[in-house]
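Read through the structure below, which is laid out as structure tokens, and then see the notes.
We just call them A, B, C, D, E and F in the order they show up, numbering each chain from 1.
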Amino acid sequence: MLSRIFARTLDVHAHCDLPCGVYDPAQARIEAESIKAIIGKLADNDDPDFRTRAVIIKEQRSELVKHHLWVLWTDYFKPPHFEKYPQLHTLFNEATKLAGATGTKGSMDASVADDLLAKIDEIAEIFAETKKG
Amino acid sequence: MLSRIFARTLDVHAHCDLPCGVYDPAQARIEAESIKAIIGKLADNDDPDFRTRAVIIKEQRSELVKHHLWVLWTDYFKPPHFEKYPQLHTLFNEATKLAGATGTKGSMDASVADDLLAKIDEIAEIFAETKKG
Amino acid sequence: MLSRIFARTLDVHAHCDLPCGVYDPAQARIEAESIKAIIGKLADNDDPDFRTRAVIIKEQRSELVKHHLWVLWTDYFKPPHFEKYPQLHTLFNEATKLAGATGTKGSMDASVADDLLAKIDEIAEIFAETKKG
Amino acid sequence: MLSRIFARTLDVHAHCDLPCGVYDPAQARIEAESIKAIIGKLADNDDPDFRTRAVIIKEQRSELVKHHLWVLWTDYFKPPHFEKYPQLHTLFNEATKLAGATGTKGSMDASVADDLLAKIDEIAEIFAETKKG
Amino acid sequence: MLSRIFARTLDVHAHCDLPCGVYDPAQARIEAESIKAIIGKLADNDDPDFRTRAVIIKEQRSELVKHHLWVLWTDYFKPPHFEKYPQLHTLFNEATKLAGATGTKGSMDASVADDLLAKIDEIAEIFAETKKG
Amino acid sequence: MLSRIFARTLDVHAHCDLPCGVYDPAQARIEAESIKAIIGKLADNDDPDFRTRAVIIKEQRSELVKHHLWVLWTDYFKPPHFEKYPQLHTLFNEATKLAGATGTKGSMDASVADDLLAKIDEIAEIFAETKKG
């Protein structure tokens, strides 16, 4: 089951700055899913030490989301992409803001994590289209 | 297309040590794919500065493979899993060795990256089975 | 020219994601200056171990340039800025690309470092203008 | 005094992935001692900001324990060791879990730190035996 | 006062361990400014999750101050400097302590951040003098 | 055997900035031993990719030596120590320089690693004396 998913996503990832040519929006999405799960656990728990741990980890995961998205924006997408998808710059800027102080770093609200996931999915769809080209 | 893949993998990832409950072997696999691509580019290129960059990045990506696999082995898999799949310990030990000095860190050979990918896929299949349970 | 920009921005730096409100393009510029100096030393030196060290450090400094610029783009600049300076998105995208594989990471050419410095200065001028507002 | 201790431990450490051949369970133990000391200070202190700092640092030190142990398990120990000491896999898996969410990351209980230290000592004794061989 | 120092040091920064020859006390100062701003925001806010975030970031920024100062002390300053400015060792030791547990890491007091900034300025003045030589 | 060494060193280590009170010069020494071993392997090997890996790792280990020593100098040693051991500042400055560009980072010479180890031992002896007090 999973191996089929892997098989199908094989040609869509790439991400280092050699560049190796492997990029995958899944990296940002996995971290954002983690953030959503953390916020879910925060809602159920008043223990201050647990909350501290949750906030620490949410901070780190949000930073990873920002990083993975920045890499896509700078390293994967090229001028022709920005011409074809003029909304891309704003999409990335909004998505990374949604993982920052005014987003999942600063907020304990699950709907903010949902907004972040939705933005990542918008980016992932454009990414997938550019891969088909 | 990609959004469907995402939709289906939604329940299979989890990975932070809160724990958030999100783990995904895809994280290790993406890095291993990157390593394979880097080795491919090394084979085609004799420029010493380019090779240096490739070796630096291959070193980092291999370390990330090790880290993502270690997290699965320690944080995701529990005693009942190790009872049901007695080969798991050896599988993880071999897979992480394949990303180390005797594996993709030390080697410039594409077949070593293939071996690493195959081991990650073996782990991913067991992981997927435990998710269905 | 630049020294005036710096002089004027002295009280306006801030950069963490609390946010503390302190941002400063000088952080990116210092790293870019370092890259330029490293490339200068590479040109004078054929010792392979020295070159390896230089490439390692150039890789790290370039990554820091990217990071500092991404932080400015996502955390400091707000929608009204992007409206007033419609070139900002492209400027940041080009500047971060200039610190990547097709820029100072991949190149040993001093003119690439100069291009990067020039882009950072363009950003710094806009940054300074927004501070005066 | 200390220099004699150093002199005697000289041949038992090694740890990088060149590999340099230097490994030492002391690295994990020092971090675990630190965790125990932190938990001791947490017990005496209700200041929320101090507790936050303690939890942050305990999180980092626990991660270091996990990392140092993973390195030993993957990089130092070889198949013949696992044959001779069949309990090694479980020992490492339990030790790293004891430094995770269900161990010293999640717990403020000194006995958990003691359990972690005891596991590290068990590993260190096997390590020392393999060095004598 | 300080702006003049910065203005004068513009062409004199350098900081990596190639060494590239670029050092700049501004790196430590920017982080210390950030710490001061964070402490200001802590004073105005009783939300425990916000305080946790502030303490996390203050911890990181303080570590960066220490790191940037250590780099100056070890990599930039040479024996003749220590002869000419015999107070330098103590100055750096006190400044880095002021960014540690007994300084801005452990304290929520704005005056501690001011003390740290003042020490950095003392170092920056000596740094600027050595550049003029 | 090793457990006795551990038992005896138990009270001499401490190192985080809570502070937990655990410091141990062994941390710097283990990294310096690693550097010496790496240099030994460099001497025997002309493969450029292997040399690149060795230089990368030597760079990282040297940085760790510097970091561990800086932590001791700033966090463990207090004004009364510096009064009693007036050579301490110079000792730490020289030791950290020996792990930098003019030391084990820039050099492939085993004697430089020996000099670094000797300096660390000098520091360790003073450290041990202060522990007895």
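Please note the rule applied: a residue touches a chain if its C-beta (ideal position, glycine included) is under 8 Å from a C-beta of that chain, and two chains touch if they have at least 3 such contacts.
Since the structure is predicted, the reported quantities are computational estimates derived from the model, not experimental observations.
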Other chains in touch with both chain E and chain F: C, D
Relative to chain E, chain with the most remote C-alpha centre: B
Rotation, 0 to 180 degrees and nearest 5, that superposes chain A on copy chain D via CA atoms: 120
Between chain E and chain B, distance of the C-alpha-averaged centres to the nearest whole Å: 40
Distance between the centres, which are taken as Cα means, of chain C and chain B, whole angstrom: 33
Centroid spacing, where centroids are CA-atom means, of chain C and chain E in whole angstrom: 21
Where chain E touches two or more other chains, by residue: 17-18, 48, 52-53, 56, 105
Pairwise touch network: line, ring, star, complete, or other: other
Touching chain combinations (by label order): A-B, A-C, A-D, A-E, B-C, B-D, B-F, C-E, C-F, D-E, D-F, E-F
Touching residues (chain side chain C, partner chain E) in the complex: 2-3, 6-7, 10, 13-18, 20-22, 24, 26-27, 30, 33-35, 37-38, 41, 53-54, 57, 60-61
Contact footprint of chain A on chain C as seen in their complex: 17-19, 63, 66, 70, 73-75, 77, 82, 89-90, 93, 96-97, 100-101, 105
Chain F contact footprint on chain C (complex, rising order): 48-50, 52-53, 56
Touching residues on chain F, where the partner in the complex is chain C: 48, 51-52, 55-56, 59, 105-106, 108
